[in-house]
Structure formats: structure tokens, C-alpha cells
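First the structure, then my questions, so here it is.
By written order: A, B, C and D. Residues from 1 in each chain.
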């Protein structure tokens, strides 16, 4: 396998899909403009020519319909790989995802599994304005029966799909629009990843930054800024919003005693709210400072660049949050 | 003879009233026949009767009745015996209980509190302690999970708890000596000590230890000291009068055993930092904490803030070759357990003399709080505990 | 009654027995509901038995698949789901077909490819399309029957699914049980086009309307539909015009229709009409009728006994199956 | 790993536990525990120090052979020998 070692997040997603299609004849890709157009974010470019219309299926604009259809196909023996162009359009399919995909295994008394993978672009930062800039992965992490993956690195983009397709449960993979162009070296030693554990991306002793997706590069940048002040920030990449790997988060907080959660969702009822609540419930005595959260401002994401930037979590915002709970090193 | 009762016509229906009877007393009714019209909060509904027979004593019209109340009797009838026992007319307006749900065991919704690596002090108590310049880490907590809460801080302030040690970082030997002198003098002055000793067979414990260590890497190797400390903590669970604090004339037992381990400093001097929740920790964790504590304290690296306040102290002078030790209690504690050297001694075992490794365990205790009788029982329990090393 | 080519006696009895099983099962449910042994929502099938029985008789349960609605007892019984596990499910027992977790609106039976009821109007339509897509590749010739009420045609997902099915030539049979009322709203107050069959023509899908009060006509129509589908000619749409004798659900005062209208339709009761026709044509003796009825009552009493002897699922099983360890329908078919 | 390396490794492990010890003061043929105040915990920490520095696990039963610096060095040398040090 002379796979190029250096690739973009987008190419990693495409290579993962190509591998999946070669690996299992039951797997097929369906979604809006995944075929001739090559995918709204060009992730499936070239796959129609390579695999044909039977396995790369352009769908009509009918999210609830084709999502329900994908669930039915999964019930009856296929392995559909559904692309809902962006999470903004998934709201139309929320009924099928929640009431059927997430619920049938339990409600049927364990008679059916729903081996379905749904990929969606998510997040803002491309000036697409409010209706195309939502960050809804946290909502889906509220639903028992689903698994929610938020690959923040090229490596996870490359390998999470295989794990998701092997998982008997419905797995939603959220790919942040800004990350598609990120580029990185792939470690040829890594051929698979799990869908369970968070990962320490940067060690530090003074504060724990908990984040995922497009929050990861922002937190790593913030950590570099803080290092200049002598503050060593530890960065935890959640990788999964459900299941939530609390032991890794708590383990880090027990060392640093301070935590900032960075989440592109709106604060109210977000995944960051859930993490903060669990820390207060299970690790209260480990904390030497209040929990801080850096989230999107509670506004519909505006089009104008400076407004959008002000609305989304920023590196400066993260640095400021850390400084508000870490005593200055003088 | 069977009762025709007010049917449950909907998920949220609690009461209804008959607004029209479609049969007369004495009529013959057939299964599934509509016999009445019942008014509910959603409107009038035809009601079937599932009994065959002659219907009698029809309930009065326009009287609100709970689900299950008897509306009529049908004699010469079979049919499904209703879940609601008749008559229910007198039942309170509260919704009739459906078949009682099986007793639901309280499913613990909250995960277990993470085993913390330091004293549990609530954020509020920590802030108050800072204000009052009280070392919250050294207080024993009365809050949930044994946490130090504001009340503890304020009570300690009232009781004149010692201010936090002046020096940050390592220990000033002179200050150290003065502190020990003051504590020992106060102990002798205030605490009416009584002393007891007992020789404990150690064959089972040492054999178990030898076998256990053979199976472990050197980094997890156990020492007899950690067995002794754990045994003390376990034995203390039934002797609250030996594990706690005596402050201002009142004694407060501690819910758990924070065991102070007397460690002689390399540069002279003595400190007794605590191992927390000893009873709740396994030997591997305890050994790691003990090894770390001893290494840093003897090398002078222990910080004052780390000396949390123990609720009992164990001194182990075995290494120095002393056979038994009768120590002085550290106030405000009320007991001190001492261990001498583990050594082979002659021992009469059912009429024969054999060589047996033994250790002399001693108890110094505060007679204001406990009596010799209880002290002796504690040593006996300590012995029993040490005879089952695998349970430590 | 159509003059079917050859209606043998055994088959007529079969149709009648199946409808009778459904009718009496529903009556017993009312009784158990009023005795508070069945709770929640309960939607009964009285009057529409001919549709479920006609469809099941023309298809091949186990090879073909079904996706039903929340008014699904008739479909489940006609498809062969045992009365015992159904009743136990209604009583919330672990011996129920879904361990007591689904209840009346969510009955599933994997081995018989009964892919459940669905309490979301129209929620099952895309599922059926997806199942048939899988069958097209994995089980050629299999048909998926998708039941829904005329109320579902108001849902967007109905139109999305109809288009997908015809577009991708999926082997799915759409069976619209048009009982004239969506809960309390008569068809004319919710749809501009009340001839539901014409909606299928908008997607160039072959469709026909059939008398949903006559199991023989329904079976005849479904046989033609199955031939069309198994022949690889894509989906087929059947609008069965039928009527429900009971309320929408247990707590419905039926203010939206008159008693006379109900009585009028009751004169078309599929069970009584088939009985009368068979007696007139010497296909059913009184003795045979009595023995069939006795057998149905015995099966029903046994089912209720089985259900009442059932046990509640232990609460410590609450989180089991929230996520699955394997694709159980493939590892343990 | 020649004898000098072993010797300095041993002394380093001891200093880890007893920082006040100076290598010059140690004579290599007198019992170590007469020259340095090492209780059973210190001694275990020294053994762990040997484990970390030389990658060898010394069983408790061999403690008796480790009395002086010389005997300790000899013991460690034999334990390392098979690896063609």
C-alpha cells in the first residue's frame, strides 16, 4: 500500500471511503450530490467513476426520506454510508435518526441492530451565514443509542470510518468544514483507531483544555501562546462526544486542578455544559478554580467576517479563559 | 356474580360519571354490548360490558366516580376479573394505582466520587480557610464524603487550630525540634496515657508477603510495614474511640482512618504525614503512597501543606532493632500504635516449643476517651486481622 | 364478492379464521385496557381486518417483509406473529415480542421479518423502501409490504419515499388503509385530492383502488401487485378503502362522525359478509363455524393466560440493547 | 557496562535515597548499612533504583548477598553478564 504519507483531512476522508467500498460489497455511499458533483465538499470526487452508480448513489433532496431508507437498508443487511451534506440539513432527518435509528434496537427488545454510518459537515467559519454554520454534534450526543465521532485530526479522519462501519450501532461522524483543508503526515504505524477514548494531544501541568473538532487546532495554538507566559496547558482531544471519555478528562484535571472546555456549540445545553456538570458531580474536590467554557456566542452565526469571527470561539478567547483561572507566574 | 366497574378509558383518565344507562336493571347483557355512556374530561364515551348475565343495582347518574368503582353487578357472569378490587367508590380521588410496579431498587444515578489524591475540602471551605488563615488541609471534615466544610473551618478557628507552618518548601530543623517539643510536652501534660502490648504471630503474614512479592515486579514489592498499617486501619473500624480528635474537652471520632506514619528525618527530627482513607485502599496503592511519602520526607522534599492531619499514628521502629515501643500520642489524636522488630522467638504451640516470627504491637491510648479493656480488645482484633493477610 | 377463479373451501375458512382472530383479539384488548392491564395508547383494527388478511394471504411471510403502523395488531396477527407474545407485549411483560419495551404501537418480530409498528405517522415508509433496496440486492424476488393510513399522505416523507421507490425501482408494495379519518379529521378536510390512488400516479407508480372490506378482493389485488414487483417492474400502490368500527384510540369520543355512519359501514362487516356468503354457497356449516370460533377463543384465552403469567423485565436490564454488541439480525438470524 | 559504570550506578541509587552520602566516604568492603542509615523502606527504594538503572529485578532472597559495595557490584555484574555487557 503505497498510500501517500502526507494528505489533507479531505483526502483522508475520501481514502477511508474508498477503502470501505473495496473492503465490503454491502457498503454503498448515498447522499445529495455525492456522485456526479463529487460531493459538496469534494470528499467523494472520483468515486462515481471508480465504483459506479450502484454504490455511489445521488439522492433527491429528501433528507428524512433517504435517511429512513438508509436505516431500512441497514436493518435488512446492507452497510449504507450516508452523507447528509451538512448537519444543518440533518434537522429534517432528526425524526428518522432519533425515533428509528437510535431507538429500534432497544425498543425492539434487542431484535435489530442499525449498522449505519452518517457523515455530516459541521461548524462555521466559512462565512456561510446562520443556516449553514450550525454546530449540532452536541445535540446528537444527547441521544442514547447513537455514537457521535468528531475527528479533529487527519489521522482520525483517515481511520475512524472503518471503526464506524465495523460498529453494529448508528455512528454519526461530524467533519468540521474548516478542517477539510488541514494537512498532516500520517503515521504509517497507525492502521486503526477506536471510537471510545479521548486523546492527550499536548501535555501540560497548569490547566486542562478539553475540546474536539475545529476546537483542537485553536487550543493547540492557545497552548503555544500560554507557554510564552510560562503556563503549561494540557490539551485533550475528545474524539467522541458519545460515549464521553470522562476518566481521561478527570485524570487530567486531577493533575492540573483547572479546566477550560472549548466547544463550538452554543453554551446553553451544549456538550461543554454536560462535561462541566459531570466534573462538578464527580471531581468537585479536584478543582482549584471554577470550570470555564469557551463556546460560540449565543447568536445565529452572522455572514460578515468580523462578526462571524467574534461569534465563534477564538484563540484569544481561550487564552483569556485560562488566564482567568491560572495565577500569573511572576 | 361479578362487578361491572368504571373502565379506564384512556391513559390519563382518573374519574368518570355515568350520564346514561342503555339497559334497565334485570336486563340480560351479552359480552361486548354497550350498556352505558360515561362522561370524561374528553367528552361522552360508549362503554361496553364484558360480562354475560343479568345486570342489577345500576350506579346513580351524574356521580363522579374513580376508575374501578362498581357501576353495576351482573350475576350469572364470568369475565375478566378486574385488576381494581371492588368496591372502590370510597377510593380517594387520587389516581387508582396501576398494578404496583415491582419495588425498584434505587439505581445509583451518580457515578462514584473519583478517589481523590488529596484532602477533600469544599471550595467554600477553602476560600473561608484562606480568609481566616486556617490550614484547611489539616482539618478533619464533617461534610459528606468526609469533606472539610465551612463549619469545620470556623470551628477550627474558634478552637485555635495551629496556623499553617511558616516555612514553605522543606523543614527548618530548629523550628521542627521546637514543634516536636511543644507537642510532646502538651501530650504528656494533658493526655492520661495508658499503655498495652501484645505479641502477634507473623508466620502467616510473612509467608503470604513472600509469595506475593515473588509474583510481583520489584517496583510493586510490599514491605511488612504496609501490612501492619492496613491492619491497624481495618481493626480501628470497630474502635471509633481510638481514631479521632479530642478538642476542647469533646472527642470527635473520625469516619475513616487517616494513619499518620512516624518517619524519622535524615537530618534528625520526626514527622508523621498521613496516608488517607487507608482502610479503603489496596496494598499496592498504599505501598506506592507510603514509599513516595517516606522517600520525600527522609530526603527533605515533603512540603508542609502535605502533612494532612492524621486521626491516629503508627510508629514502626522495627528497623532500628527495638523490640517494643511505647510512644507518646500526638495531640489532638487519642491513640498511637507502635510496632517493634519482627523476629523469631520461642513459641509454645500445643505443648511443643517452636521458632516463630513475632512482632510486639503496643497501644498508647488516651484514658479520657477509652479504657484498657477496649484497648486490649483492639489489639486482639489487630491480631485477628493480621492472621488473614490475604484479606488486607 | 368477486367470482374468483377457484376459491377453495380451506382458503375461505383460512381468511375467515384470520379475520375472526383479529376481531376477538381487539375486543379482549379493550377489556384488558379497561381493567388497567393494558396501558398507554391502544389503536384497534376492527373493520379493517380484510386488508391485513388479504395482503398476508397473497404474500409469503418470512421471505417477504412488512413495515406496519401503530394500528398494527391485525397486520401482526395476519403476518403470523404469535398471539401469545403479542398479548404479553401489550401487558408489558418480558415474554412479550419486544420484552415489554415496545407495547401496542411498536411490535417487532425479526424471524418473521415484521419490521415493527411505528408511532410516527409515515415514519415507517422510508424504512420499508430501504428494506426493499437491501432485498433487491440480497434477496431477489422478495417484496416489502408497507402499511400506512391515508393520514400519512400529508407527510413530506410519504412523497419523498414514493419518489425514491419509483426512481430506484424498489420492490415495495405500498398499502394505504384509507379508513376515511385521520384521527378526527375526515379526508376531505385534509387533502385536496381525496382519491389517494391518484397520488401514486404523480410518481408514475402503478396503482389501484380496492374494496378494503373484502379480503378476497384485497388478496386478488395484492397477487397482481406481487407479480408486478417480483417481476422487477418496481413498486406498486394499493389504496384499500376501508373503515374502522371503533374509535381512533381508547380515549376518543368520536365527535367527528355519527353513529349512523358507523352503523352503515358495519353492514359491510367483512367477517359477517364472508360468513354469510360461505353459508349461502355451502362453504361453511354451522358446526364448522362453531369449531373455528371455539378454536379462536381457546387460542385467545391461552394467549391471555401466557401474558398474565409473564414477568416484568428486571430493572437492572434497563440499559441493555441501548447499544448493540453485534449486528444480531445477521449473527443470530 | 564495565565495573566503574556499575559502581557509579550503585552509588547513584543510594544517593537517590540518602542524598547526604558522599562516594569518597564509602569504603567498598564494609557493610553498607553500617555506613549509611538505610531503613527497610530506603533499602527497597535502593533496590528499585538498581531495577531502573540496570533493568534487573533483585528477588528478596538475594538481599543477603548484597552487603558491601563490592559484593553488590559483583552480584550485578553476574546478573548483567549473560547479556554480553
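Quick note on the criterion: contacts are C-beta pairs under 8 Å (C-beta built on N, C-alpha and C of every residue); 3 or more make two chains touch, one makes a residue touch a chain.
Treat the numbers as computed from the prediction; the structure is a model and nothing was measured.
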| item | value |
| --- | --- |
| Centroid-based (C-alpha) most distant chain relative to chain B | C |
| Comparison of B-D and B-C by number of C-beta pairs in contact, larger one | B-C |
| Whole-Å gap separating chain B and chain D, where each centre is the average of the chain's CA atoms | 44 |
| Whole-Å separation of chain centres (CA-atom averages), chain B against chain C | 56 |
| Between chain B and chain A, distance of the C-alpha-averaged centres to the nearest whole Å | 40 |
| Inter-chain touch pairs (all) | A-B, A-C, B-C, B-D |
| Chain C residues within the chain A interface of the complex | 65, 67, 96-102, 106, 108-110, 115-116, 118-120, 123, 125-135, 137-138, 156-157, 160-161, 163-164, 167-168, 320-330 |
| Chain B residues within the chain C interface of the complex | 7-13, 31-32, 40, 42-45, 47-48, 50, 67-68, 79-84, 96, 98-99, 101-102, 104-105, 107 |
| In the complex, chain A residues that touch chain B | 246, 250, 254, 278, 281-287 |
| Partner chain C, residues of chain A touching it in the complex | 57, 59-60, 62, 64-78, 80, 95-96, 99-100, 104-113, 115, 144-145, 147, 168-169 |
| Residue ranges of chain B touching chain A (in the complex, touch as defined) | 110-114, 116-118, 120-123, 145, 147 |
